[in-house]
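Labels for the chains are A, B, C and D, by order of writing; each one numbers its residues from 1.
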Amino acid sequence: MSDLEVLSFTPSAGQYAWTFGGAEPVARVRPGTVVQLFTEDCFAGRVRSERDLVSEVCEFPYLNPQTGPFYIEGAEVGDTVAVHFVEIEPARDWAASTTVPLFGALTATHLTALLHPALPELVWIWELDRGARTCRFRARHGDFTVDLPMDPMHGTVGVAPANLEVRSALVPDAFGGNMDTPEMRAGVTCYLGVNVPGALLSLGDGHARQGEGETCGVAVETAMNSVIAVDLIKGRPCPWPRIESDTHIISTGSVRPLEDAFRIAQTDLVQWLSGDFGLEAMDAYQLVTQAVLSPLANVCDTNYTSVAKFPKAYLPPGAAMGGAHQRLRELAGEYRREVG
Amino acid sequence: MSDLEVLSFTPSAGQYAWTFGGAEPVARVRPGTVVQLFTEDCFAGRVRSERDLVSEVCEFPYLNPQTGPFYIEGAEVGDTVAVHFVEIEPARDWAASTTVPLFGALTATHLTALLHPALPELVWIWELDRGARTCRFRARHGDFTVDLPMDPMHGTVGVAPANLEVRSALVPDAFGGNMDTPEMRAGVTCYLGVNVPGALLSLGDGHARQGEGETCGVAVETAMNSVIAVDLIKGRPCPWPRIESDTHIISTGSVRPLEDAFRIAQTDLVQWLSGDFGLEAMDAYQLVTQAVLSPLANVCDTNYTSVAKFPKAYLPPGAAMGGAHQRLRELAGEYRREVG
Amino acid sequence: MSDLEVLSFTPSAGQYAWTFGGAEPVARVRPGTVVQLFTEDCFAGRVRSERDLVSEVCEFPYLNPQTGPFYIEGAEVGDTVAVHFVEIEPARDWAASTTVPLFGALTATHLTALLHPALPELVWIWELDRGARTCRFRARHGDFTVDLPMDPMHGTVGVAPANLEVRSALVPDAFGGNMDTPEMRAGVTCYLGVNVPGALLSLGDGHARQGEGETCGVAVETAMNSVIAVDLIKGRPCPWPRIESDTHIISTGSVRPLEDAFRIAQTDLVQWLSGDFGLEAMDAYQLVTQAVLSPLANVCDTNYTSVAKFPKAYLPPGAAMGGAHQRLRELAGEYRREVG
Amino acid sequence: MSDLEVLSFTPSAGQYAWTFGGAEPVARVRPGTVVQLFTEDCFAGRVRSERDLVSEVCEFPYLNPQTGPFYIEGAEVGDTVAVHFVEIEPARDWAASTTVPLFGALTATHLTALLHPALPELVWIWELDRGARTCRFRARHGDFTVDLPMDPMHGTVGVAPANLEVRSALVPDAFGGNMDTPEMRAGVTCYLGVNVPGALLSLGDGHARQGEGETCGVAVETAMNSVIAVDLIKGRPCPWPRIESDTHIISTGSVRPLEDAFRIAQTDLVQWLSGDFGLEAMDAYQLVTQAVLSPLANVCDTNYTSVAKFPKAYLPPGAAMGGAHQRLRELAGEYRREVG
């Protein structure tokens, strides 16, 4: 008989969080727990057709609703929360993407302030075929359609920030948040340093897929039914979010300008190779230089996110982050055998 | 007999605010009130000699204590608070400056993450001669000393942020905050858009003087006895902090990278010339190009601050921000006659 | 009997070019020609052991020798040269990498000027096993070794610049040059807009492999025996270098800051989807957002290079750049059958 | 009887230089010579009315004509040329400014590539009153006019670049060039490190005045009659252009992003205080932090230029750059007494 602990949580209408920090926990979670949860899309579900313009149907700042926060029992400043994504599955057979006035990478914005008027505001409704695992794009002008592979992910996952701050769920930073990296797919473990007691973990912003950089600022946005397994690494800080898959260790940096986001992720990766795998710093710098993959995550949000991926096959012996990914994989297997 | 309303406020030890947003108001202030207040230095008064290293004596995140917040009666989202600086006077005959490990413009930092070890951590104690209005620099190596003119200012003034956020008092952004511009001296009026009811105005971070850009990250830091006069401009938003002196209108932008801070300030100035002074946008762009002064404020904080100054002498007829600066100057005059 | 035209060229010691523009052509090449050539490594062959520090053995500005320039017959301003990489094969069984003082992404540099002393200067000699297709890393501290897959590429390929300029071979810009993208491997076609009569194509800087971003500034550097097939697309400009493989169309941007390099590459890709494949601009923006891959190329050179890759499988019907890649593939096949 | 050497040079129509480097010298100049010269405006004199749009009347790349280059006798790599501006006087009673499509700080550009169409292209003709020393702005929409003070300067002054390069006269970089700083007015001395024998000094791009940052990309452009006095500092390099006035020493940095331009200028200033005035590096960092003025020069050109000004009144004893400014001031005095 198993002692597997499973929690199910679907937020009620008024129960979403719009910030990291500053929201009351919706539940307490013991390390080693599997959580089944629902996340609404980044539009709070209000963009449902090509006529639903964000500037008309959405109500600022009530964008990017987060499911949580979950109070992780025992989590203290200086620990790290490990979140393993067991399943990320679209909850609908459609998704929406849009342009948003003065938002995105190829337009004047509120921060890259120029004298241009905004680009056109448009909505695209994507059809999701969950059996075939495809997302169908349909051009707004002309009749071109194409099916892209479904690759579900969470754009946003994070904990309460440090320095007494409360941050909008639209922001990625050292606490995680709206990093918008396609690496955050089922099968990976995300590491987040704890800044406040209980960590206050939340997540949302499901994407049926997105390109690297999220160029126009909005991915293929949809609600998700997700399952996560949560662990706690005591006494080990994690300054910037890290991700581990079966094949790669992955550092992230979220800041502007983009070269500083790159520097954070690459420096963290060099230090990870030193810390967990014993390489001298300059040797790690050399090896990272020749083996790293550096896909961009987002170049549109309040902070830009750069990712640095290193193949495990080229690592010296050692265990990343105390072996948490392997433990959570096993917990996910147990969950699948008993529940999934 | 005057109806001048004067409020005096000196925070008790536990009464400082460490954030914009998220702190309870210390007092309610009616528009038209003059407030006499004390601000502690950015080190919370803990750096008192060359032996007091920030990394040893300060307790993160308890840096840059703010006096306030003041609840401005009647302030609603979409209004603008006008803060006129009547007096900014050093409260001590000394000030401190330091280098802080991995902070500053000419060093690797936590955000410009490089593989270098930190630069040396040093403290300089500056002597303030309030009669002669000078600040004396004394080199730590060798015996060079020099007197620089005292030019007291507040590095930090702001209101609660939008988007449900709470931000560290070390951050400058659209809500104001830690802009660190030497333009914030006695005689100017600062305009801050209101994001929450009551605005929640606070200020601190007195500098006996600083250079433009605050290169090493720390100015000539000291406690201040300051007097401000507060007004409210109903029904008029102010997206980024503006400043008005007797001779200039001044826009600011606070973001990274620095060119975006420049763009925000310059675009705001172009729009100010259009909005309050009736110039067509392209004409305003041309006139700003030839007449603007663009001193940097800080290139070291979480966001960088760029300033755009336009001489009033070259403006078309019109009143900036509904004439609030002139009204507050008169209020300041009344205060000086009756109290000062 | 074939009319295949094959040119062989190995530079003599004094025959390398150190700039794009400003060098006399070494040969004239008719479109449709296959060129067999040798390129020296970026150190001009002077770093041969762990004792050969760049700062001691190399002679500035004689770095990154280029083979060429080749005068492409008939090439005029407004045309585009298409260069297909038939083979890129290391000419030695070893390669060198180094750190260079004040150069690289995770250090102070001459342009990111800080007060830190330079990081340590070190050389790593990599063993190349051309049979097994591996590059062996050997740590300088400790005895860790690991084999990475060989993935040979040219870091530098370009034409003479516009605007009467002559640029160092260390610079990537609109004319191509030192882009340092691992996408420049055998099997792809590179498109370069012509700025001067004859285009003046040259290439060099062979890498047995490199990571994305070239973090420390230096890849696994080695001499190459390469074969290219050259074509000319008359009357069609190409503002920034493009690359085409059998599976992807790829735009590049090379500039600082990195977000502008990203914007150039992504905007060019959007315009490519509009121009050659008939998508309306906003539809192209949306589709690129969801399907693009955005690996970084270099974040260390004078300009940073960002890459935007779009899978051909998701394109509307159409031929990229007039079908040049397909024609050059066939020419390469002919070469292999007759010569290779 | 004086041995004052005076050279007069007015370029013929075909005699302008369009690059730094790559142009034959127009004259040889001995150190200690005074040169009277004429510079055409940045439009090569082609914008003469509101109907003369740059995109129609100018012929790329023939923009920003330079007078020179002058071969400075005895100048070798590792020396520094000192150029004192004795007079800079508008040669016409009008000047032109414009917007240029996809150029400027508050618009999408070829490098900040966005999906917006270009802003409107407009010309403003400014009236220059050389007696009253004013420049009259006349709005294109409405009838507003205003007189700004004349403050003549050269936007462009430089020498041939290092690294075998030839650069467009539109570019500012370590060799000087198109820095567009209002500090380059009569009375100052500009220091430029020598990269090739004879230095190959040229200048142009007269502005009757400009704001700091040259926001729209174009100043109040006019032809100039200027007088310079030239000296050579043997055996002393100057990595980035420096300027000295009677009251300030001034460092410059020209690169993107803007924070790196800031870092270069401020680091150079710290090193200047150490090198010529004996302050220890961290003491210089502290003193610069509190005393520096940091006006922007341009945020629109190929590289952005940031300026760091330090008041001589606060310097330790010492002579900047070997006292060249004082010597050239005296030479200028001699010229005025004998010729001017």
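Descriptive notes on the structure:
To be clear about the criterion, a contact is a pair of C-beta atoms (placed from the backbone, for glycine too) under 8 Å apart; a residue touches a chain by one contact, two chains touch by 3 or more.
Treat the numbers as computed from the prediction; the structure is a model and nothing was measured.
The pair with more inter-chain C-beta contacts, choosing from A-B and B-D, is B-D. For A-C, the equivalent interface among the listed pairs B-C, B-D or A-D is B-D, as over half of the contact pairs agree by residue number.
Annotation: 48 Å between the Cα-based centres of chain B and chain C.
Once the centre of each chain is set as its mean CA position, chain A and chain B turn out to be 35 Å apart.
If you average the Cα atoms of chain B and of chain D, the two centres end up 33 Å apart.
The residues of chain C that reach two or more other chains are 106, 112-115, 119, 256-257, 259, 263, 267, 270, 285, listed in rising order.
Of all residues in chain C, those touching chain A in their complex are 97, 99, 105-106, 119-120, 122, 124, 135, 137, 139-142, 144, 146, 148, 209-220, 256-259, 262-263, 266-267, 270, 278-280, 282-283, 285-296, 299, 304, 306, 308, 314, 316. For chain D in complex with chain A, the touching residues are 106-108, 112-116, 119, 257, 259. Considering their complex, residues 18-19, 21-22, 60-61, 110-115, 162-168, 170, 239, 253, 255-257, 260, 263-264, 267-268, 270, 281, 285 of chain A touch chain B.
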